[in-house]
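What follows is a set of notes on a single structure, which appears directly below.
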Amino acid sequence: MVRILPQTKSAAINPLKSSQPLGAAFAFLGINGAMPVFHGSQGCTSFALVLLVRHFKEPIPLQTTAMDEIAIVVGCADHLEEAILNLKARAKPRLIGICTTALVETRDEDIAGDLATIKRKRATELTGTEVVLARTPDFDGAIEEGWSKAVTAMIEGITRSRTQYRDPRKVAILPGSNITVADIEYLRETAQSFGLKPVILPDVSGALDGTVPDHWIPTTYGGTKVEDIRDLGGAMQCIAIGEQMRRPAEALQRLTGVPYVMFESLTGLKNADRFIWLLTAMSREQAPASVRRSRMHLQDAMLDGHFHLAGKKIAIASEPDQLYQFAGFFTGLGAEITAAVTTTGTSKILQVVPAETVQVGDLSDLERLAPGADLLVTHSHGRQAAKRLDIPLMRIGFPIFDRLGSQHKLTILYQGTRDMIYEVANIFQANQHPPTSGAPNPICSRELQNDLNSSSLARQ
Amino acid sequence: MSLDYENNSDFHAKLIEDVLSQYPDKAAKRRSKHLGVATGGEGSSEGANAVSECDVKSNIKSVPGVMTIRGCAYAGSKGVVWGPIKDMVHISHGPVGCGQYSWSQRRNYYVGLTGVDTFVTMQFTSDFQEKDIVFGGDKKLEKVIDEIEELFPLNNGVTLQSECPIGLIGDDIEAVSRKKAKEHKKTIVPVRCEGFRGVSQSLGHHIANDAIRDWVFDKKKVEFESGPFDVNVIGDYNIGGDAWASRILLEEVGLRVVGNWSGDATLAEVERAPKAKLNLIHCYRSMNYISRHMEEKYGIPWMEYNFFGPSQIEASLRSIAKHFGPEIEDRTEKVIAKYQPFVQAVTEKYQPRLDGKRVMLYVGGLRPRHVITAYEDLGMEIVGTGYEFGHGDDYQRTGHYVKKGTLIYDDVTGYELEKFIEGIRPDLVGSGIKEKYPVQKMGIPFRQMHSWDYSGPYHGYDGFAIFARDMDLAINNPVWGLYDAPWKKKAASATAVAAE
Amino acid sequence: MVRILPQTKSAAINPLKSSQPLGAAFAFLGINGAMPVFHGSQGCTSFALVLLVRHFKEPIPLQTTAMDEIAIVVGCADHLEEAILNLKARAKPRLIGICTTALVETRDEDIAGDLATIKRKRATELTGTEVVLARTPDFDGAIEEGWSKAVTAMIEGITRSRTQYRDPRKVAILPGSNITVADIEYLRETAQSFGLKPVILPDVSGALDGTVPDHWIPTTYGGTKVEDIRDLGGAMQCIAIGEQMRRPAEALQRLTGVPYVMFESLTGLKNADRFIWLLTAMSREQAPASVRRSRMHLQDAMLDGHFHLAGKKIAIASEPDQLYQFAGFFTGLGAEITAAVTTTGTSKILQVVPAETVQVGDLSDLERLAPGADLLVTHSHGRQAAKRLDIPLMRIGFPIFDRLGSQHKLTILYQGTRDMIYEVANIFQANQHPPTSGAPNPICSRELQNDLNSSSLARQ
Amino acid sequence: MSLDYENNSDFHAKLIEDVLSQYPDKAAKRRSKHLGVATGGEGSSEGANAVSECDVKSNIKSVPGVMTIRGCAYAGSKGVVWGPIKDMVHISHGPVGCGQYSWSQRRNYYVGLTGVDTFVTMQFTSDFQEKDIVFGGDKKLEKVIDEIEELFPLNNGVTLQSECPIGLIGDDIEAVSRKKAKEHKKTIVPVRCEGFRGVSQSLGHHIANDAIRDWVFDKKKVEFESGPFDVNVIGDYNIGGDAWASRILLEEVGLRVVGNWSGDATLAEVERAPKAKLNLIHCYRSMNYISRHMEEKYGIPWMEYNFFGPSQIEASLRSIAKHFGPEIEDRTEKVIAKYQPFVQAVTEKYQPRLDGKRVMLYVGGLRPRHVITAYEDLGMEIVGTGYEFGHGDDYQRTGHYVKKGTLIYDDVTGYELEKFIEGIRPDLVGSGIKEKYPVQKMGIPFRQMHSWDYSGPYHGYDGFAIFARDMDLAINNPVWGLYDAPWKKKAASATAVAAE
């Protein structure tokens, strides 16, 4: 049973987490014709925008209510209204997604009330544009929570609640924030290959995939359509991917009665099998040849790769769902999680992370716990710890600003698991420590000695 | 080696008109003040106000739902002025967001053992949670300072970079600073740079400058033996090693750089600054306040200089040398002469590949004007430039640089900039990361002029060679020639089969 | 104009090339139900087999005529016959591909005559099995030549020569040896997405792709069917990929009249565009959405990646077609080929390699020419030079035994080019040299000085 | 610590019968001689011939179109005996194929500056072209030797490893060797190891041994002061550092290892070998010839030893010590005692995870027998074993190791081995890279027992710990539990929808 260790310091030193509103904005970026708006001072928006741009290497539409000292004295509602109207007039978005920041949440105003008033008062001007509010102060949660709240807000704010015709081939898929553009596309193709009609919410594979539009588009392009969010109740089944998506899946079920299945992770043979089995059952179709072949490819990659991963010591720092996803991937190939650090201790998924302990903390905790590991796994800010510890780094999560193509990496189902096995096995192959003439194999010996002396003997 | 050309004023005026025509009247009126066409100050005649005709307004509030390119006061203090001081720990005080967003955005290089005696590329935050907002964060702040003192005993001080909530919840960070400074015998500087203050990062610079004045100067006895040729380099943040390139050059002409604010700087360099003989200001926008203060209080004169491109390097070196008299002037001439063949080789290699290429700039700080001549030294022409957060005095200074007809834009929106670029279709855009991807997707070469795209330095003679190479690599890359999809072409007749 | 420099030494030190019969065997591995046979001593087979296994990480069917001292005295024919009959009896292959080695070619026997005799004499026993001969002594050529000869031998030995019905949707694709399993699959899918029926010869995406068959199969499984080789004359068009495939394409044209188009390379936007344009023209179909989208992805990758590749100095050692393919890829993104080494000087493609010189030689030549380069590009045996020179190595070609998944790397058309841009850009990002306080930027300055002092000024 | 178990003789006999039934009569008869079931020599009683009943024939010609697993004489000389001698350049003489195929296949570790004074992981070939075949290659060979002398002046000699064509074209490489040896004052050794000689790599070992005798021994004056405890380690190729692990152990008991043939060896170590007091033979198969010669000519006794697993380490150390008398014996007991806790800790950790696991081996050299006890020391059982290129004396030696009923297979084909594995479904197969992928695809854990899969060393006490860990990692990896595809399962009823 994993022990969740609370934060050890008051300070965060080299923080692991990013702010909650960024997670909400990220989710809104997965909606077609959307404009995420930070309700706060203009600096946050500018900063968050830069970080999103550095990660995705794409133009990112993100706006601000530009709160200033006067607004802080007299209240936020005017700035919110002005921002919404200006955006509507100029960009004509289908969706405006408001993400509150610490600034406005600190004032403790009735933002939901203000927004309701604005929507009532400006109903005519706002025709054709949904405005959705996610309460995401920076002083709570991280990306997962912001993403989850934004999706929940969209379902609660847009999806029609009345019962409707259920299309037996339509399936609602709610992926967590720990999913790449390539993952989304692969999910869609896989479901379609069974003859199913997937509606993926949010779908970041549109605007963030590196297409090159031929004219200036102020909002997102591509992604889930607002109408599809409205009609989610017509799905036969909802699939939630990641514990963070339980909340929106439950909201959908509450509103429309569409039942949901949870996948804590889609990575690894077992999880992929379960997913394929579900598609088989829903579609009453056999798995197509390409899926079967992918499974064989994964099996083969497991055979070729397990040898390189077996017994390796992995130190991961990531948000809870991604931590679970990757820890499961590694242990599924015989590696061991010797350090696990996460952002918040509240997610239920932490209870089943295959590690002895999960430390709530920051990258300085990772650096403290990682010595002796064979691989660090975290976002780009782990690179300095990796260098200091002389341990290779596998970049996952957000932000990844010093590598290209992170959004085009597949991490789920058969092919994604295969690709990751290759990636990791190749990292290990590139970082082998051959024995020396002085000691038989200093690496092995030292580690064996440690093993033999430590309580890990009793562990297994 | 000034280049002679003129931009098309009428065309640029028309572009502005077109852009404004898309706005509602009120917004158009507001925005029209930020856009203009240069009248042409004819080189560098003192006092000429080349942009006066267009009357560009600047340093004005952004509009909700319209602007996003500017930063905030926190960005100006933490991200620019204080952040690069390497032996201090800069706490992003408040929730995790701001510090995480800005972490490692600027490549302020430094020498030191990170995590031991140096902390620039680390990120510290008091990581406010809801309870800290509700009950106040001073107690937590004390604990954070204590933890840092324990974990990093070789730190030479701490600064508190206030995030938005701090200004709302009534915390007394000044009191905490005084208390802990006394307790740990360290410099602790509270900076009230909450993001909602001011209209951009610019006020953050000012606040940060004032914090140096109020919390660092004259607080300790400074043991420092000053010499006749001591200078401070002020407002060089050592992006990509720029400050190092500048220092090498200044030392070559016989000066002693006793402080570099604030790239690769120590607290001691800041403390001893008042003992120097001259302040050399690189980024006027972010550091003019403290320079004026030093002039007033300690009688240290200041002058601006520009080390981008050989024309400006020579001019700057000569005017700096003039300040110190014949000995330095002699050495300066020798240094300039020594680098002549190198400059010539660079120019001979790159000018044929860059001649007549047209450039649009949009950057912060001093670069919208300072880099202009470096481009011109390579035969390139500047067709448009603008500041993210410039003030009137920035635009006045710009007049000395830009040619007649140059398009000028202040705090430009993504929409406006894109329209201008589309209209002008320059050969290169030099701007920031936010602009990089939209511009490239238009098929136009791009270089980051905030952070030199992982390259640099661009200062000094060596930097000029790197600058020239980088511009060449961007403009003359073969990818720009490959843009039409085959299904967009008419089918060629080779196989006599109709495509489409 | 590129200068081809002849070998500088009598010895080969750290040879770049592999033996010709291995190239032929590799081609035969792309035929369904095939059994390649080395006609020579048993040791070569065993060695070559191990190398193939280490590269593909798959079981490899490869057999031997097990020539011994006695056979060398009395002649090879008996061993050849015995091997063929034993193989036929036990493994029942659809194709036996004989690759001669130096041993039997040194004896200068009439092997073709012997084989004809065996086939005549044993016609009944050999029913249902094609036996094809590739003359591939180790003392000539390398993998490309062996591959090319084997494909030519198959066309000349199996393809029906009489004119037949031409299926307007059928296209024969002859890929060179410098193509991966993933490339083949992508080629096929792309052609199919235009409604075309591609026949790919050889097709190594079957037996060498890492599938896991559920029972013991002595021969290859998957790959081009022998019947499809027989019916190649029914294709409307042949597409040869790589100069090495001109010979088999010409053989096909001579036999059946099917015209061919040469693609020297399918890597890079321009080549991919030309290929897609050809499919468009042949099929009279528009490029499907997925192809258009891939092109946009590539454009975006070029935008994101050119910055990292521009001005980089690349040292490549590879066989001619692959050298051309990769040199074109790199220079197409603004990099410069500062060292190019190849196996044989005879290929015409060398004339258009975008480099000043191409050195015929070995990896010791590469090591001599590479100092100052930013990247080495060659097979796994380049790893030691890379370490000595402290230059990162990108592994291409054969063999790659110290990394997983090399066969699942895509290198052609839009997506393959994109993947490679990411790979290379990430290598460069992982190996940056920041400036130091002592000198502005020693890397840049030194290289600029070199540039400025050298004749490269005149070059451009 | 010998494990007591018996394998199922009847079942194994039936397996052999099934396999043979698929062959034509003639082939079945030939192959039947290579397959058998052990009668069980009951431990290590001298002379017991445990495999006599099954009468396994070995070292017999392979059949065209049937066998491919064996190597050739060149492999035995270049790949095994000569290749690891680090300060000589070994020229693969002939076309490029052989040398390129075998390059870096064996992980013969060494200390030295590769390309300067050490050449093991480099590959040299005279790269014959057609004209060399037609006109002869002696002239080219001379040039190659001259080039090597020029490029690598610190080489201590050259060997010529003949590839097949050399034996056919009538080149006189011996004459070239003599001429160039004289000219460069270096040892040059021609080895007639053409691949068509013999039935496997085994003859290559013999030829290579003879070349040492004829071209190295007694050719130079050897300056070497020998001591009373000098031993040569013969036939340890330092795969994964094995020879280093052995040397450490031998030195701990008080011996001096003056030569290690040929892992990490210099030519000098070979030259001075005749001055040692005892030859310790690890790989009997590849080095017994030269050991017997040294015994005959120089009177140096030889003995085999086995450093795989604690039981054999102890037995071997004690019998080696016995040779040198009480002083060494005393030290040996102390060494054995010293490692007891370590052995116990390893066993306690791994035995519970490996107990009763059944292993099949198929390897070359000495390993089909030598590693058996190491497995048994961990509670594992050997159900089958065989040699790629063993001789009768190898199989006799094997009898001392295997238990009754163990399946024995000589020069087994892929088909036979696969059938045996399918029938037995052991928990682990230990064999070579060629077998690795088919076995794994059957869902059976695998370790390479030629090259330790990039791991090692496996010799000595430290090596035992690594060995135990590796076997555990292979057998207990979670991937083996995940093999059924969901479309092969009956649909579970959870959603009451029929799958398939």
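By written order: A, B, C and D. Residues from 1 in each chain.
As a convention for this text, a residue touches a chain if its C-beta (ideal position, glycine included) is under 8 Å from a C-beta of that chain, and two chains touch if they have at least 3 such contacts.
To keep track of the chains, here are their UniProt names: A, C = Nitrogenase iron-molybdenum cofactor biosynthesis protein NifN; B, D = Nitrogenase protein alpha chain.
What you see is a predicted model; the values in this text were computed from it and never measured.
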item: Chains touching both subunit B and subunit C; value: A
item: Contact-richer chain pair [A-B vs A-D]; value: A-B
item: Most distant chain from subunit C, judged by the mean position of its C-alpha atoms; value: B
item: Whole-Å gap separating subunit C and subunit D, where each centre is the average of the chain's CA atoms; value: 34
item: Separation of mean Cα positions, subunit C and subunit A [Å, integer]; value: 40
item: Subunit A-subunit D separation of Cα centroids, rounded to whole Å; value: 50
item: Touching two or more other chains - residue numbers and ranges from subunit B; value: 437, 441
item: Residues within subunit C bordering two or more other chains; value: 57-58, 212, 299-300, 303-304
item: Overall pattern in which the protein chains touch one another (line/ring/star/complete/other); value: other
item: Interface residues, subunit A side, partner subunit D - complex; value: 269-270, 273-274, 276-278, 280-282, 284, 286-287, 292, 295, 299-300, 302-304, 306-307, 310-311, 331-334, 432, 434-441, 444-445, 448, 451-452, 457, 460
item: Residue numbers on subunit C that touch subunit D, as the complex places them; value: 9-15, 17-19, 21-22, 37, 40-51, 53-54, 57-59, 62-69, 71-72, 79-80, 82-87, 89-90, 101-103, 105-107, 137-140, 142, 212-213, 216, 218, 381, 384, 388, 401
item: Residue numbers on subunit D that touch subunit C, as the complex places them; value: 23-24, 27, 61-75, 91, 94-105, 114-115, 121-130, 132-133, 140, 143-144, 147-148, 151, 163-165, 167-169, 194-197, 199-201, 414-415, 418-419, 422, 432-434, 436-438, 441
item: Subunit D to subunit A touching residues, read off their complex; value: 107, 109, 111, 240-241, 244-245, 248, 264, 342, 345-346, 348-349, 353, 437, 440-441, 453-457, 460, 462-463, 465-466, 469, 472-474, 476-479, 482-483, 485-487, 489, 491-492, 494-495, 497-500
item: Complex interface listing, subunit C residues touching subunit A; value: 57-58, 209-212, 293, 296-297, 299-301, 303-305, 308, 402-405, 408, 418-419, 421-422, 425-426, 429-430
